[in-house]
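Going in written order, the chains are labelled A, B and C, and every chain counts its residues from 1.
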Amino acid sequence: MNILDNYQKNKKNIFFTENKDVQNYREKLLTIFENDRFDRKNNESLKNINLKNFFDFKYKYLVPEEISVINNYQDDNYSIVSINGQCSNFKDDKIEITKILDEDYNDFSKNNIIEKNDHFVNLNSLFLNSGFKIVIKKNNNIKIKISNIVTDDALTIFQKNNYFCEEGSSVSLIEEYENKNNSTSNILNVIKLEKNSKFNHFLIQDNSPNHNLIITSHSSCKKASTYNQKVYNFSEGYVRNFHYSKLLETNSEADLQGIFFLKDNNTSNNKTFVKHLAGECKSNQVYKGILNDRAKATYFSNTHVDQVAQKTEGYQLSKGILLSDNASYFSKPELKIYADDVKCSHGSTIGPIDENAIFYLRSRGMSKIAATKMLISSFINEELSSIDDEQMFQTIQKKLVRYLSKVK
Amino acid sequence: MIIVNSETLNTLDSYSKNKYKYGFVTDIDSEKPRKGLNEKIIKYISSKKNEPSWLLEWRLSSFRKWKKMKEPDWANLNFPKIDYQDIYYYSAPKGFKDKPKDLSEVDPKLIETYNKLGIPLEEQKVLAGVAVDVVFDSVSVATTYKGELEKLGIIFCSIGEAIQKHPNLIKKYLGSVIPPGDHSFSALNSAVFTDGSFVYIPKNVKCPMELSTYFRINSENTGQFERTLIIADKGSYVSYLEGCTAPKRDDNQLHAANVELIALEDAEIKYSTVQNWYPGDEEGKGGIYNFVTKRGLCAGKNSKISWTQVETGSAITWKYPSCILKGDNSIGEFYSVAITNNYQQADTGTKMTHIGKNTKSKIISKGISLGKSQNTYRGEVTFLRKSDKARNYTQCDSLLVGNQCGAHTVPYIDSKNNTAVIEHEASTSKINEDQLYYCRQRGLSHEEAVSLIVNGFCKQVLQELPMEFAVEAQKLVSISLEGSVG
Amino acid sequence: MFLEIKDLSVKIENKNILKSLNLNINKGEVHAIMGPNGSGKSTLANVLAGKEDYEILNGKIIFKDNDLFDLNIEERAQEGMFLAFQYPVEIPGVNITPFLHSAINSKRKRMNQDEIDNLSFAKLLKSKASDLGINIDMLKRSVNTGFSGGEKKRYEILQMSILNPDLAILDETDSGLDIDALKIVTDGVNKLKTKDNSFLIITHYQKLLDYIKPDYVHVMVNGSIVKSGGSEIAAEIEKDGFQKFQ
C-alpha cells in the first residue's frame, strides 16, 4: 500500500488529526511524497536503502495500549519500559513525564529541524502514533534508563519524544533498543538544553534482522550547556542514525559519537551535523565502523560554522575497517565555514586491518584470528573505555564478543 | 633545462604592482558569425575549419545531447542563468583564413599583445626550453619550436591542424576520456569547440622541453571553448603548461574547455595550469565563468598523470581535474591552490577513480578565502571492487582571511575494496597571529608578512610547478591577496 | 637617551602585568633583567616589540628619540629593535633565505639605503652562518620548521647578526640550551657587541651572564624593577634565589 492510501485509511487514528494546522502541514507533506523523484544518488537520506520497505509498507496502525513501567529507585535513578513508543504519565520533584497526546501539539511541534528534505522525518510527522515528553527539572542530577519494546509483528511505530533540560540540570540517559519483531520504529527525538545543563545520551541498538530502526535527533544547546551522544549499533537489522545539533549560545558543546558493527547483508546509514550559531563553542563528531560480509554503510558528517561563531573548535573523525571483499563504506565529512577565527578539522581513514600490526601480533605467537579480534577491539577501545556505567559496559562488552565470534 | 630570463622577471615584477594587468583589450578586427547556438553555427564552425563529415556529425550529436541536459547544480555556486543564445561561438582575428606559417605572417598587434602579457613569441626571446602554442579567442595563432619537436616525432599543434593532419589519432581518442554526454558542459564543448592544443608523444620519447599553451579571450561576448588532447604513448613523458588571461569587461564571459589526457603503459603526463582569467571587479561585476572539464586516463600499467593548478582568476570556477586509474600500478596526483577574493566563487577539486590494482593517488589542496568570496574544495575518491591494495592520501587545508568569506570542504569517500586504504585530513583556520608577529618583528610589513605566510602555506603545491611558472604563480598569489589585508 | 621606559603599566585580559616600571639604557650598554617566572619579563620584551595583545595603561617609552607607541611592530624593527624570541614560531613553507632577504631590505629601505641584491645577500648569509657554526643545509629549510630547540635559538642569533640591530632583546635565549649551544649563542652575541649597540638580556638563571657580561643587572618582581646594580646581584640571586626580593 502506498503512502497516500495508508494515510487516507488511517487518518482518523493518527495523533492530532483534529488539529487544523497539523492537518494542513500533513497535506503539504503528502504532495512532497507524491512529487518527489526519490533521487537516491543526491539525497543523503535515501542512499543505500530499499525504498520499498519504507514507502510501500504494510501498515499496521493500531498500537496496543500497554502500561509502561516507571520505577524510581535509589532516589535519582529512573527506569522506564516504553512499550510501542508509549509511556505513562509520571511526576515527582525532579522529573515529569507526559504522554504526547496530553501535550499541546503546537508546543510539541516546534522542532527546530535543520534538514527539511528528510523523507523519514516527514513520514514521522505524517503518521505520528506515539511518543512522550520528559522534563528534567532545574538543578537536578538524575539517571534514566529506557528500554524500548515493540510488541507485535508488522507494527510501525512513529514516535516523537521531547526532552527538556531545565537550567542547571544534568541527566544521563541510557536507551536500549532490542527488538525481535518484524517491525519498524521511526523515532524522532527533540532535545532542548537550557543554560548550564548537561545531557549524556547513550543509545544501545541491538535489533534482530527483521526490525528496522530509524532514529533521528535534533538537540539544541543554550549557554554553557553540553549534549553528549554515544551510539552503539550492534543491530542485525537496518539502522539509520541521523543526529543534528545546534549550538545556539556561547560556550555550549556537542559531542556526537557512534560505533557500528555490521555483517551479512546489513546496511547502516549514519549522519551527524553540528551547526555553530554562537562563538566559543566546541563540537566533536566521531564515528567508527566495522563492516563484514556484504555490509554497507554511509557516514555523513558536517560542521557548519556561522559568521558570528568566532573561536569555534570543531573536530570530525570517520574511520572504517572493511573485513570483507564485498563490504563497502561511503563517507562524506563536510566543513562549511563562514567565520575566520576557527579551528576546524576532519580526518578520515578507511581500509583493512593494519597488516603490519597483524604480523607483529602473530610473530608474538597469536593466531591470525585472535590478532584480528584484538585489533578490532583496540580500534574501538577509546569508545568502550570511556563508559563509566559498569552495567552498561558489561552489556556492550557482551555484544562485542558476540559480534567478534562471527568474525573469521 | 629551464632558465628564467631577466625579461620575464621584469615583466612579472611589473605585474605585481598592478592588480589585473592583463585587463587591456587588443584592438584587432575579428571575424564573427552571429550570436547564438544552433545547428547552423555548428556547421559554420565545422566548415570554417574544413572538418571531415564524421566530426561534424559528432558535433551535431553532442549538440542534441546538450539540448536535453541540465547544468550540473550540485556545486556551491550562485550565478544568474547563462544565456547560451547571447554568446558568440566563433571569433577569429581577421585574416586568419590560413594559419600563419611563421611569425612574420602574424599580425604585429597580436605579437605586441603577447609581449604585453609577458609571453614573447619570437623564438629567440621565448623562455629557453618552452615551446608555446598561443590561442587568441578561438584560434591558435602561433606554435613555437615546432621544427625541433618534429625531429623527435612529437606532434604539438592546434587541434584544428591535428584534425587535418592526424585524423586517425583524433578519431581514436577525441571524447574517449570525456564522452560528450558526460554532462552539459562537456556536451556543449564537444558541439562548439573551436581550437585548442594537440600533443602526441611517441613511444619512449621524453619530451625535452615544456610544452605550453597560452589562452587569451579578447573579443566581447565571446565564449571560449577550447579542446585539448594529449596522448603519451608507451614509456613517454611530457610536461605541459597552460596559462590564461582575458580583458576586463563588465559582462560575464563563458569559458568551457575540455581537456583529455591519455597515458599509456609506463607513460607520464604532468599538466600544470596557472588560471588567471579576469575575476571581475571589487564589486563583483564582470569576470569569466570558468566551467572546465579536465580528465586524465591512466590507461596503461605504471602510468602517471599529475595535475597542478593555481587558480586565482575567474568570477566562477567550476573545475575538477580528475584521474581514472585504470592501469595496474598507475598513479594520479592533484595539487591545487585556489585563491578567491572580493566576490569570486570557486568550487574546485578532483576525482580519483581507482580501478586497477595497486593504484595510488595523492591530493593536496590549499584554499585561501578573502573578501566576500566563497571557496569550496570538492573531491571524490572511489575504490572500485578490483582496486586491490589501492592507496589514497588526501590533505586539504583552508585559510580564511577576514570574516566575510567562506571556506568549505566537501570530500566524498567511497570504498568498495577491503585491501584499499584511504587517508584523509583537512583543516580550516585563520592566518596564524604568532607567525604574523614574528615576521613583522623582523621588519616585514603586515601585507608582506601575509603574502609570505600564504605563499608558505601553498608551497607544497607551488613547488610542483615547473620553475618559471612557479615564479609567476608566487607573484600571482601575492597580487591576489592585495587590498584585502589590513 | 637611547631607550627610556618611564612609569610603564600594562595589562592583558584584566590582569595587570607591569606596574610603574622604569628603565634606562644607554648606547653601548648591556643590561640584564632577572626575575622569577611570571614576574612580567617576557611581557616587557613583547611590549617593547609592539605585540598587539597588551593594553598600555600608563607610561611612555622613548627609543632613539621616537615615541615608541607611535610605531607599529615592523616600524620598530626597521628602526633597529630586535627581539630574539623565547619560543620562535614555525612558519612552514617560508624559506629562510628569502625571508631574511626581505627583512633586511625593508630595514634598508626605511634607512634610505639601497636594497641588497640576491648575490651579495647570499654571500653575507653564508659567512654569518658559518661564523655561528650553522650548517648551510639549514638555510634551505623553512623558518624554524622542524628545528630543535638549540637550532631555533641559533637561528635567532643568525638573524640578529644579519639585521645588526641597535637594540637587541634576548628573551630567555638560554632556556633549553645545553652548554655547547649556549657557548655558540653567547659567542655570537659577544661578537656583535659594539660601542654603538645595546643589549637587553632577559633570563631566569645566572648562567647566561657568565658568558655575556652585563653592565647592569635588574631584578624584576611582580611587574616592577625592585633592585638594580652590577653583576654582583646576579651572584646574589644564584646563591639565595629570588626569595628575598619578593
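Just so it is clear, a contact is a pair of C-beta atoms (placed from the backbone, for glycine too) under 8 Å apart; a residue touches a chain by one contact, two chains touch by 3 or more.
Everything quoted here is computed from the prediction, not taken from an experiment.
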* Most centrally placed chain - per-chain CA mean versus overall CA mean -> B
* By mean C-alpha coordinates, which chain is most distant from chain C? -> A
* **chain B-chain C separation of Cα centroids, rounded to whole Å** => 48
* Counting in whole Å, what is the centre-to-centre distance of chain A and chain C, each centre being its mean C-alpha position? -> 56
* Rounded Å distance, chain A centre to chain B centre (Cα mean) -> 44
* Asked: Which of the residues in chain B end up touching chain A in this complex?
  -> 74, 385, 398, 400-430
* Note which residues of chain B are touching chain C in the complex, please. => 432, 434-435, 437-446, 448-449, 452-453, 455-460
* To do: Can you check the complex and tell me which residues of chain C touch chain B?
  => 49-52, 72-74, 77-78, 82-83, 85, 88-89, 91-94, 99-100, 102-104, 106-107, 110, 142-143, 159, 163
* Asked: Considering the complex alone, what residue numbers of chain A touch chain B?
  -> 42, 307, 310, 320, 322-325, 327-352
